[in-house]
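Have a look at these structures, which come just after this line.
Both complexes below contain subunit A, partnered by subunit B and then by subunit C.
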Partner chain A sequence: MGAGTMGRMVLLRLALTIPILLGVSVVAFMLMRALPGDFAQAAAGTTSISAEALDTIRRQLGIDRPLWEQYLAWLSGALVGDLGRSFVTKRPVAADLLPRFLVTAQLTAMAGVIAFVLGSATGLASARLRGSADWLVRGLNSLLLAVPNFVVATLIVLLFGLYFPSVGIFNYTPFMQDPLANLTSLLLPALSLGLTVSVTISENTRAAVLEVSSQDYVMVARAKGLPRRAILLHYLVRNALTPVITVAGLQLAALLGGSILIETIFTIPGMGQYLFDSVTTRDYPAIQAIVLVAATVVLLMNVAVDIAYARVDARVSYE
Partner chain B sequence: MSDAGPLLQVRDLTAAFGRAGAAAPVVKGISFDVAPGEAVGFVGESGCGKSVTARAILRLAPEGASVTLGGRVAYRGRDLLQLPAREMEQVRGRRIAMVFQDPMASLNPVMTVGQQIDDMLRHHQNLSRRAARRRTVDLLGLVGIRDPASRADDYPHQFSGGMRQRVMIAMAVSCEPDLLIADEPTTALDVTVQAQILRLLLRLRHELGMALMLITHDFGVIAGMVEQVFVMHRGEIVERGAVDAIFRDPQHPYTRALLAAIPRIETARRSS
Partner chain C sequence: MRDGEGMLEGLGEALSRGIERRTALRLLVMGGTLAASPRLLAQGAAPKRGGRLTIGADADPIGLDPVTTAAFSSYDFTSLLYTGLLRWNAEMKIEPDLAVGFEQPNETTYVFKLRSGVKFHNGKALDAEDVKATFDRIKDPASASPNATLFSNIKSVTVVDPLTVRFELSAPSATFLSFLATNPIGCITPRGVGDLATKPVGTGPFVFESYEPNQQFLLKANPNYYESGQPYLESVAFRFFKDQASLTTALRSKAIDMTWFKDPRVSAQIVRTSPDLVSAPGKTTRTFPVWMNMKDKPLNDVRVRRALSLAANRQACLQTVLGGSGKVAAMIPESHVGGYDGVGDMPYYKTDPAGAKALLAEAGYPNGIDLGEYIVVAANPLDVSCAQILQQQWAEAGIKVAIKPMETAPLLAMWVKGEYPTLLSVALSWSPDPDAIVSRLLSSNAYGKSMGMNDAELDAMIVGARAILDPAKRAAAYQQIQRRICDQAYVLDIYQYPLRWEAWWSYVKGYVPLASNIRSFVRTTWIDK
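Showing the complex of A and B:
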């Protein structure tokens, strides 16, 4: 595909994300208001507070107005980059969200690398070695698939908390403060998050490699007398990569979703934990902003997958 | 190396699929010779073991299949069946090359056709990137691909079936092998393209002086292409001889049946 077609494809895909984001924002807006209770009630908690006082809070926050008015007010702000102020901190949501977003970006990136490396390596080994290696990988995959990631995370917390207290699980360190400590503090959370996703990648890699192995061009490559390594890299892996890239890209949503629980369990001040807290306090502007950012990231990732797809496989063209 | 003696000497070759003990024999002890520069044909119906024989010479088994080979396949006196894997890689493609039946599936879809000839040249002949590229373009021209310099950068899906088979042939002859095994090279192609591919093989065989082992189910393909014919049936060679003799006077009933199966225009003309 020429550079021009590719550029047009990317622009088109980016333009398409706008209506999708609008839809996402409407759904998020409606869903959180469908939750029982609102910020005023959540803030009041169990303390008894008069109905008039609650109404005053609602009026101040503007959540007493009709839904469509609230949405349009939010939308007109969001379009010029103003995501509103948090009900809880009274600070601009963007300012609260950015540092937390960066933490989650790092966590999911680390988890993604772990999942991809582990998944493709075990999938490849499973398909190439067969026999007992295949049984072992598939057995572990089934086990990991059956156990949700928050259980894995809890087990890791328990294991290290009880037997290796020196490792320290809940000591999240900001990157700017100490990069090395930051990486080690995110390693176990990233592992808990990545393990479950690695199963999907592993199983898909295995299937793709087996499929490609039986293709004629692999036998042709052997008939050409190419060394095993070249056949593995240029014929097997390159062809098996295409379906795996697609699947791996789609797993980003799973990683972002998983980060909510993992960050809460490991007390990491990321976007997932922020979402959890914001839902608990019914901090509508914060929830709205988080959903929008997460949706944007997933949509951009899908565009990136399409670009990667076309780079790896020349047959793919976007007309 | 001397030209005396056969290039390839196959003795009691057996091939069986499946686990040892419960293996199903597919090739049941066949013997034949191929002299340097000679063209031989293997004819038989699907499943008679001719393709397995061809692959057994290069020790190629389908991925995942367990094939047990027996007997002796001597190439210039060295038994290929006993060769270490490393040395076998030096024989494949370089001394003995192969063209397969289905050109649509034989090329790697994610590499340009040029890259797929390059990688072989660079591996076997230690050519530089540039020298390999030049040779690749020459080879594509040799097999009749127009505008080879720009076509080398195209991907397989941009070629027709006949053109892909030409690419496969260019690849196979790239290292000037002593023996080219063509396993049903025209079966998957249109009739008009079939004749072109056969003419190309014939021309290259003479230009490069290589031996040719042509495998087909179609006696019509053999005529005019080879000197010796081996008729295979159920894993055995049931008849062998010079191509003219077999066409004129087939001995085995199976050979006669195969010959009778050729749709012949000449016969119709003669009888009218």
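Showing the complex of A and C:
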């Protein structure tokens, strides 16, 4: 496939994300507003604030205007990079969101690496070694698949918090302040986030390797006496990688979703916890911005997966 | 001393003296803080200076301007940043704070003398103009202040001289001083300073340092704080834990020195893990009511409501849900003037499923009744389990309900507008005065309207109680009001319990928890590690 066709494909895929993002923004906008309860009421709680005062707050925030008017105002701002101001902090949402996005990006990336390394290693081992190793890996995988990541996270918090307090489980440190401490503080959260995803990758790696192993070209390679190592690297891994990349790419959405719970449990100031807080307080501008950013990331990741797919598998072409 | 008595005497002292010696400038004795807090003295040793107190908080603040914030999660911070003319002491009595005292020339006029030499965190001196500006801001509709309703009886605030300010009320009010003493409702803000919601400037013992949402809220000692020697701590850090398991682990691993819990059983469990963990004696400040939509059939019929009350076994709910850490409730919790002590007889409180059935039959439901959805706060496991027990108890009397746990924000919207089908529960937290609680049942009040209240006699009782300045008579009036509410079964209160159970490590000294769960005593706290 030529570089030109590839470039066109990428551009087309990117162009296609725009209508999807528009759709996502409409849905995010309408869903939150369709829910009963708004920021003014959520913030007031059970205090005996007067209905007039609540209406004044709504007027000041502009959430008393017709929905289409609010949406158009938001969209015209978003198109020029203005995502509005948070109802809670009164600061521009973009300024609140950026540092949190970077934290989540780092956490997700670390969890992704852990999941990929752990998943492909155990998957490969389980396919190649068979017997008791296979049995052990698959047993552990079933267990991890059955236990949600927030339970794993809570258990890790209890274990390290109570019996190894020196680990300092809640000591999140920003990267710019101390890179090493930052990596250590995110290791356990990334592990609990990555474990569940590693199961999917592990199972897919195992299936792919087993399938590739029974292909004729592998038999031929074996028959002509190639060393096991060479067969593994040049025939098995490369060919088994294709489905694994697809699965791994699609798991990004799972990682982003999981970050909501993991960040809340480990008190990491990322986008997940921000979303949780924003939904609870009905901070519409913040919710819209987070959904938009998360959707963009997932869509871009899917495009990246397609590109990687074409690079790894010579059979795939986008002509 | 029981809490109810404590508060009662406090109000009594402040109010009766004002009436007896109307024209004499009465200076409430300062230094009352220590004298009135035996628990502080009992701890003996002289306070050590310096150090940081780390508090685990379960929610981020929503705005830090005391005039505009209505969020309980903000009170943790306003109570260290700001102070008001009066305050509650450790025994929940009212004492002067920014004021040195007040005189009351007549029943509707209060003249406050301010402390001299008080400085705001920005270095500007506090004067009477700031007090006036604060109340002007509260009354300004553009501020949308939740305090406007509470202070709606203030006719005018006048600056007499830089250190004297006069409040004129439209009618005698027993609630006025309680609201003034409550943080953040009565907090004084500096005039002409904008954006207090994000850059707070107060007169409190601690100064705002930094805030990273979901992470940490940092305050440092105010070097110009007006009470000599205080605060002892060099800094206070709040760290945020939204997850209950993380919060308990943080306390046990000493990542935090102090926190509070929503569930009494969790608190009891945590405190048992170490003899060095101190748990505050619970003060009942919160009630768990079942609100009823009485605008329509079948709950507009008092017999159906009485049947619900008779079929409920409040004691069983209390034992099962709270493990006994609380009391049976009526409308006003025990920590208030006239609050219900949980043992006195109330109409339709004796569990009697047969009696309930008979009432239902009389109301035209001989085969029982299906009340449909009973809406509860999903985020509060205590509320949900109490609702489940009530569901079983009611079933015995032939009353069917389907429990529907809901997210808090839409539930509040439904509750305020009265748009729930039949039954809804949302707990009421501590409020500075019983009037704030019972006023919800006035037929003219938005809440009252949403429920379908229409009881002229009760209206008169509630409005009348506001103007009773004699504390004993006032307490009696509130007992009567509660009795009427129970008799007509307008609200089914089940149990009362502390809003939060506070807990801290024993090296934290000099701290006193308040019934209001406002942490103003961090100013006298010190660390002895």
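Assorted remarks:
FYI, the second predicted complex is superposed on the first by the 319 of 319 C-alpha atoms of A that agree within 3 Å, B and C clash if a C-alpha of one lies under 4 Å from a C-alpha of the other, contacts with A are read in each partner's own complex, and residues count from 1 in each chain.
Criterion: a residue touches a chain if its C-beta (ideal position, glycine included) is under 8 Å from a C-beta of that chain, and two chains touch if they have at least 3 such contacts.
In this text the structure is predicted, and so the values were computed from the model without any measurement.
With subunit A as the common reference, the superposed partners subunit B and subunit C fit together side by side. Between subunit B and subunit C, C contacts the larger number of subunit A residues. Once the two complexes are overlaid on the shared chain, A:V312 sits against subunit B while remaining clear of subunit C.
Taking the C-alpha centre of subunit A as the vertex, the lines to the centres of subunit B and subunit C open to an angle of 160 degrees, rounded to the nearest 10. By the touch criterion stated above, A:L136 is placed in contact with neither subunit B nor subunit C. When the two complexes are overlaid on their common chain A, residue A:A105 makes contact with neither subunit B nor subunit C. Applying the stated contact rule after C-alpha superposition, one finds that A:D96 touches subunit C and leaves subunit B untouched. In the superposition on chain A, A:T280 contacts subunit C only, with no contact to subunit B. Contact with subunit B, but none with subunit C, is seen for A:V220 once the two complexes are overlaid on the shared chain. Judged by the touch definition given at the top, the superposed model places A:L232 against neither subunit B nor subunit C.
By the touch criterion defined above, A:A181 reaches neither subunit B nor subunit C. In the composite built from the two structures, the nearest CA pair linking subunit B and subunit C is 48 Å apart. Contact residues of subunit C toward subunit A in the complex are 60, 62-63, 69-72, 141-142, 144-146, 148-150, 195, 197-198, 212-215, 239-243, 245-246, 249-250, 252-255, 407-414, 416, 426-429, 431, 436, 439-440, 446-447. By the touch criterion given at the top, residues 35-38, 41-54, 56-57, 60, 88-91, 96, 154, 157-158, 161-162, 165, 168-172, 264-269, 273-274, 276-277, 280-282 of subunit A touch subunit C in their complex. Considering their complex, residues 58, 60, 62-64, 88-94, 97-98, 100, 102, 105-112, 119-120, 123-124, 155, 157, 168, 171 of subunit B touch subunit A. Every residue of subunit A that touches subunit B in the complex is listed here, in rising order: 213-227, 230, 234-235, 238-239, 242, 312-315.
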